[in-house]
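When the chains are written out, they are named A, B, C and D in that same order, and each has its own residue count from 1.
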Amino acid sequence: MLLIWTSILFPIVAAFAVAIGPTKSAKWIAFAGTLVSLGALTIFAWNFPAWHNAEHFPNTTGPSWIPHAGITFSVGFDTVSLLLALLSAFLMPLCIVGSFSAITERTKEYYGWFLVLGSSIILAFAARDAILFYIGYEFTLVPMTLIIAIYGGTERRVAAIKMFLYTFLGSMFMLAALLYIGWEHRLAVGAWDFDIDTLTKTAIRLPSSTQYWVFAAFMVGFAVKVPLFPLHTWLPLAHDQAPTAGSVILASAMLKLGTYGNYRFALPMAPAGGVDLMSFVAVLAIIAIIYASLICWVQTDAKKLIAYSSVAHLGLCMLGLFALNPVGAEGAVFYMVNHGLSTGALFLCIGMFYERYHTKDTDVVGGLAKRMPIWASFMVLFTLASIGLPGLNGFIGEFLCLGGTFISEHDVQTGYPGVLGPWYAVVAGLGLIFAAMYLLILLGKIVWGPLREPHDDAAHATPAVRLPQDLCFREIAILTPLAVACIWLGFQPKPMLDAIAPCAEKMLANYPKEVERYMSQSAGTPLASLSGKTNESRDE
Amino acid sequence: MNQELSSGFTIAANAPIAVALAISALLFVIGLVGFLCRRNMIIMFLCTELMFQGAALAMIAFARLRMDVSGQVFVIFILTVAAAEAALALALVVLLYRKRETLSADAWSDLGES
Amino acid sequence: MVPTIFYAACAIAAAGLALLLMQSGSKFRTGATILGLAGIAWILVIVVQTIPTPASEMGPLGLMILCAFVSVASAVRVITHHRPVFCALYFVLVVVSGAAIYVLLSAEFVAFSLVIVYAGAILITYLFVLMLAQQSPADIGSADAVDYDRIAREPAGAVIAGFVLIAVLGGSVFSVSEQKAESILDQNRAIRQGWSDLSMMPKLLLEQARRTDSTVTAVVARTDGQMIAVQTDHSAIISVERAGQMTPTDLTLAPSLLPDNTSRVGMALVKRFPVSLELAGIILLMAMLGAVVLARKQTDIADDDRRALAGLGKVIDGSQSSQGKANR
Amino acid sequence: MTQLTSIPQAIIAPELSWIGLAMLLPLLAAVACALCCALRVKGKAAAIITILALGASFGIIVKAYFAYTGPVQVPIFQWLTFQWGTSQFQSFTANCGMYIDTLTLYWMLFVTGLGTLISIYASEYMEGDCGAGFSRFFFGICIFLFSMSTLVLGDNLIMLYLGWEGVGLASYLLIGYDYARPAAVAAGKKAFIMNRIGDLGLALGIFMLWANYGTLQYSELFAAMNNGGQTLVDWDLSVIPFLLMLGAFGKSAQIPLFTWLPDAMEGPTPVSALIHAATMVTAGVFLIARMYPFFELHPQALATVAWVGGLTALLAATIGMAQYDIKRVFAYSTISQLGYMFLGLGVGTTFGACYHTLTHAFFKALLFLTAGAVMHGFAGQLDLRKLSGLRQLPGWRIVSWTMFVGCLWLSAFPYTAAFFSKDAILLQALTSVRADFRFLGWLGLFTAALTAYYTFRVWFRVCAGPLHFEPGAEVHHEPNDAHDTHGKPASASVAKSTHAFHPHAPRWAINGVLLILALGALVVGVPAYNNTFAHKDNWVQQMIAGSSAMEGAGLAEDHGSQASEEHPTVLGMDAHTGLTVVGCTASIGGILVAWYLHLRSRKSADQLRAALLRRWWIRWVPICMENKWYVDEIYHACFRLPMWLGSQILAFGDRHFLDGVMVDGLAKIPIAVGKLFKPLYGGALQGYAATMAGGIALVVAWLSWIWLRGFN
């Protein structure tokens, strides 16, 4: 518990130190703050006793915060949240170091807010109290909005406001759902309690129609954050305008809050709703994959391209989650981590070349393999990881997500309520082809090909920080851990898979009952008709 | 004798107190109307003082009703605040008058869009 | 009582006030005044007749109504008079009649401090500022007041807003009280509170005890831990030590020995709201500092240089149009 | 099709894990090459490391071959494995392990062997890039060898998929080796993406297998097939072969997905030889051979393979006839020969297909390497109209004559190894009971004649005839020269520089490798002689028979038993004799035509072309052939362009409709409401106060209404 609170609160302490300390030392204080946070979390993970079961640790209720509302300072991790928190804590120092040369004005505020951002993300992952989660979840928006609005590109204000309002509006629905379940709990028990496990126990007893609406409200909130297809438009703009490190955290950690929310709240709390809305969400996810991939194809802005690719990738992740079977869930969770690594790294790479050329337009800059071979090597590696090349990390998650989708329909017999099936997997699989297409086009433009550089001397005349032509030691030191992680997870995913598997099962633990409930009902329910259809198709 | 309604309102059922409350309401409203109607900034502040008077009178009336001196104590605090407010507000008025050479509040509509 | 009647009274009063504010000529003024006074009178009548008043309270009630008329009428003049100085003077009248009402409500201390602070200090400040910021009659031209003092700003809307407020408030409050109409002055409670206040003032308590029995040397806590036990006849029993007696004995204090209003207010101030008192002091200090900072002459050397370049003279007082323009 | 005989059950043999070094060594070598790359090593260290590692892994495979006793499964470490229940289905197992049977060894032998030889060749060929891309090149080669070994050795389909995509990656990196040329980059991209399309099919096939059989381990899959194909789900299994087939078509450049292979010739020639001729493109053949039992899940699956193979062979041959770039000719010939292999697989002779894979690997690598030598020596010149009579040039004899050997083999000259391997395929087709297979057989024979023609067209043009050459502008710096000058006369500037140009002849490494390969091409004919003259099972047949592809091994006893019932005939003769006669005719006929048109009277070739172009009813034939039947253009118009337009529309819609109208439009509602109330906040102080007073009045009115209602 102490270690968790250290990792959450130390960045805030460091933020205060940054605020009152001298400007010159701000970045080093921030770096130290994030390192301590990462260190504390690593020690915690090292001694984590629950790697192989789905329990939370510590599993005790924290100190009470608002007693009569049942809100407590309860923190604890299960494997999934620990992995995601570790990912965030791992990326945080890298982002800080990555900002050393990019942020030269108002550095103190920048690093201060960045630390607060990291802290709130870890809080959201660590929270075992729904309201505490909500606070962490929402509070990420404040520093992120400031980081975008102050340090971003030319349209930074619009982007920041749009991001804030959009995601805030979405999470209102989520909060409503949480409060509603809390209210139901109060009706049943007589006292407020926002412990997530307790709420889950309450929520699964709600009638199906209620669960449907609870699930829908959760989905609206989390779908904005993920972002799912029609609700994604804030993301490319925010990514495009955010400073590099902001994009990294946005893509790698903040979007994961959306998928994590599905994992932690929507799916386990409202299984009946999950069953009802599964195919709907899956169709949206598939549309997201194809739609975003196609848009990526014609993007000329490197960062926007990666941003849209995030939409597509997270669509696949959502598809895996909503296959509602252990394979898909496992793949989805694995994919969350992997997407964080490879997309974060890609954003860092794009940021590095942006710092040198002050443009992200792939029509203007290109063929940088000649100028920056080291950068090009990293870029190729991370692109391949993002494409999902076997042997690198992206593949595992992608493959399992697709596999889960593929066998989802068949799972009706094994106790999971899947209605997706091969056709969903086929269409989603097209996304793999498109991913290769647009990412290789990106590579072909900026890494390969004849050298093209902008003849904009003004941009080079007054560099804030002098950077060497190819990557400097600091930048290599940022990218190397990410590259190692990508390769290592690709070749040795087993420990992580073993750790995730019980959690994936636990998330779906309530679904077999739902299946029984549906099965026991008369024919005409969606599942019954679907399984009937399956039988027919088999007979053909 | 004490009649408290469940909603929390205490009804002034003593005629002088009721009259005092009525006066306090009238003073408050007249102050409000004056604040809204008059253009002279000094008079507007005078009208806020009128509203203060209304509020203070209500306090006294309720203090009498509840037989509790706290209400009176609060009137003293209101006096303090009124004095402070008058000092600051009048200083501001002087300042504003220096800038625009008029006491009209309409001269200061910079808060509005366009 | 039907709220509708109250609404009608409010409407009449509002109409009178609105007419007065519109300043549409002296021929309406009398009628408007009568209308307004009638409306206010009706409101007061409604209020008074809602509550059955015992004969013993008719005297204070009459005085109260007199003060009410004075107070409301002068308040109306405050907001309708063209000349700011007269407004301020009418406000003094409001304060004084208000103080009279305070006295009727047995809040003597506050009444006097009101007169001293408001009439004596605040209103004088207002008058000073009026003098400071008043344009000379030559600027004003023909009329006896500047335009912004003569012409009210959307009086109808303001009056409607204000009287809707009073109508709904009064309507709801006074219409409900109808069925529960009985005096709720809780004498017992007041006495208890008074004795309790006294018990918190050991010196005064001892003094009052000595006044009853001169042999008393000390007042001690009673066996049940309380200082005072209030009797049903409003007297109080305290435990005292007398000269030459080893054990404390009881002593009954008559209700006439209760502390008066001023001491009770003082007591409440220092015993119950000490922090607020300190805060009030800080607020006053801050206000003083703020006023000094704000009202200081906003000129400096650079400003003078700028004016010199513009061919203007040195700043004599702060009010210069060029400065105003520059600041826009 | 007869019902399967039982596939031998693999035994688990962890003690054989040393064979895993054959995978590990290239990987380690890749890491070492990457280090060389990072440290900017100037010398040939990377090449030496690669050659040593590949040679060692060849040695390991040879040792494994001699130690082989029966199919074994060798677990190495757990890779992608988890389970969530107790039943077999509730687990996903894809460990890093090896499944070693004769097919594996057969493939690994020529993959590692040729890999080693071509690395030696490349160490000389690529020396111009020392210090620049040299280490990167060998990094790619090592990655390729690692992936290919994984593909072949892996004991489950996920390992195969890993290798499958890995070779795609290596192909991408090596085609785009010369990344400054847009054509090379585009070709690499195209190769990767087209392969991805096939890979999707493969992946879906893998899912399908997993869903149905609950396992992806070969041994368990084969066991399930032996047990009568017990499945967990009663899904329609018949799509499995078609999905797997799609993967194979992508990787082996068959008809819907073949256009990447000619473009892949943008890569350095050793890459073309190793990856795009000898080994990687045969992965499709390997996949089908490995999963052969599953291709009988649908009766038309193998027929589809046969048809696709036969048509690809013909189509590629017709295109190859009209190309002027030597490497392109060879590339189309590769597609064509791969078509033969698929035809063989389709008509049911895995033996023929695998044997042809082996012979093809040798002679095609040989041909590419000679082409590479020419390109190397003549500064990138590959246009066969600008080179002539090289065999007379001192120092070029070895190249010329080894090329001659390669051409003989490619044109299936009688009694060369390729003659026998092609024979085996065509024989099976022609003697098939199915009429369409017999038709495909005749088509294959016709294609063989075309093959002989275009092969010798190259040789007669380049190596025979009077000595004449024009150097290319160095291909590494000038992107458009060698590949896009079809049909244009040689430019004057190039001709001028001829006098000053001295082609540098290949040295020992290139010559040595060429000789070894030529020897190898001879040697691989030995099993066939054995078969033909001794009438007993040859080595290749034995290798195939011990594996999952045993169905089509064509063992002598099967053959004999079949013969006793009804001996099939070709043209009324005994099948063997008949086919030999017809095959010889086709091959020699093609060569003779080539001799006439391209050596005896080269003008007549141009006259023929002109004559064809003059006649409107036939002119489409040369035009289409020269333009590759417009397949690229059709794909562009049918798929790429509509999708690109659609993407533009989507991007526009996303920005202006979804974001602009929907999202911003929603955001405009509060703005509009705000505008409605804007007059209340005009800036005048009293305006705010009046609003506030009105608001308070409203709130109080509402509250008191509630309050009153509560009491009445």
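To be clear about the criterion, a residue touches a chain if its C-beta (ideal position, glycine included) is under 8 Å from a C-beta of that chain, and two chains touch if they have at least 3 such contacts.
Just so you know, these numbers come straight off a predicted model, no measurement behind them.
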Closest chain to global C-alpha mean, per-chain Cα centroids: A
Centre-of-Cα separation between subunit B and subunit A, whole angstrom: 55
Euclidean distance of C-alpha centroids - subunit B vs subunit D, Å: 89
Mean-CA-position distance for subunit D and subunit C (Å): 96
Inter-chain centre distance, subunit A versus subunit D - centres from mean C-alpha coordinates, in Å: 36
Residues of subunit B touching at least two other chains: 9, 32, 36-37, 105-106
Junction residues of subunit C, two or more chains touched: 153-154, 157-158, 161-162, 165, 169, 176
Residue list for subunit D, restricted to those that touch at least two other chains: 686, 690, 693, 707, 711
Chains grouped in pairs wherever the two touch, ordered by label: A-D, B-C, B-D, C-D
Subunit C to subunit B touching residues, read off their complex: 13, 17, 21, 40, 43-44, 47-48, 50-51, 53, 57, 60-61, 64-65, 67-68, 71-72, 75-76, 78-79, 84, 87-88, 91, 94-95, 98, 101-102, 104-107, 109-110, 113-114, 117-118, 121-122, 125-126, 129-130, 132-133, 146, 148-149, 151-155, 157-159, 161-163, 165-166, 169-170, 173-174, 176-177, 180-190, 193, 197, 261, 264-265, 267-269, 272-273, 276, 280, 283-284, 286-288, 290-291, 294-295, 298, 317-321, 323-324, 327
Touching residues on subunit D, where the partner in the complex is subunit B: 678, 681-690, 693, 707, 710-711
Complex contact set, residues of subunit B against subunit D: 7, 9, 32, 35-37, 44, 105-106, 108-113
Complex contact set, residues of subunit D against subunit C: 686, 690, 693-694, 696-697, 700-701, 704, 707-708, 711
Residues of subunit C touching subunit D in the complex: 153-154, 157-158, 161-162, 164-165, 168-169, 171-172, 175-176
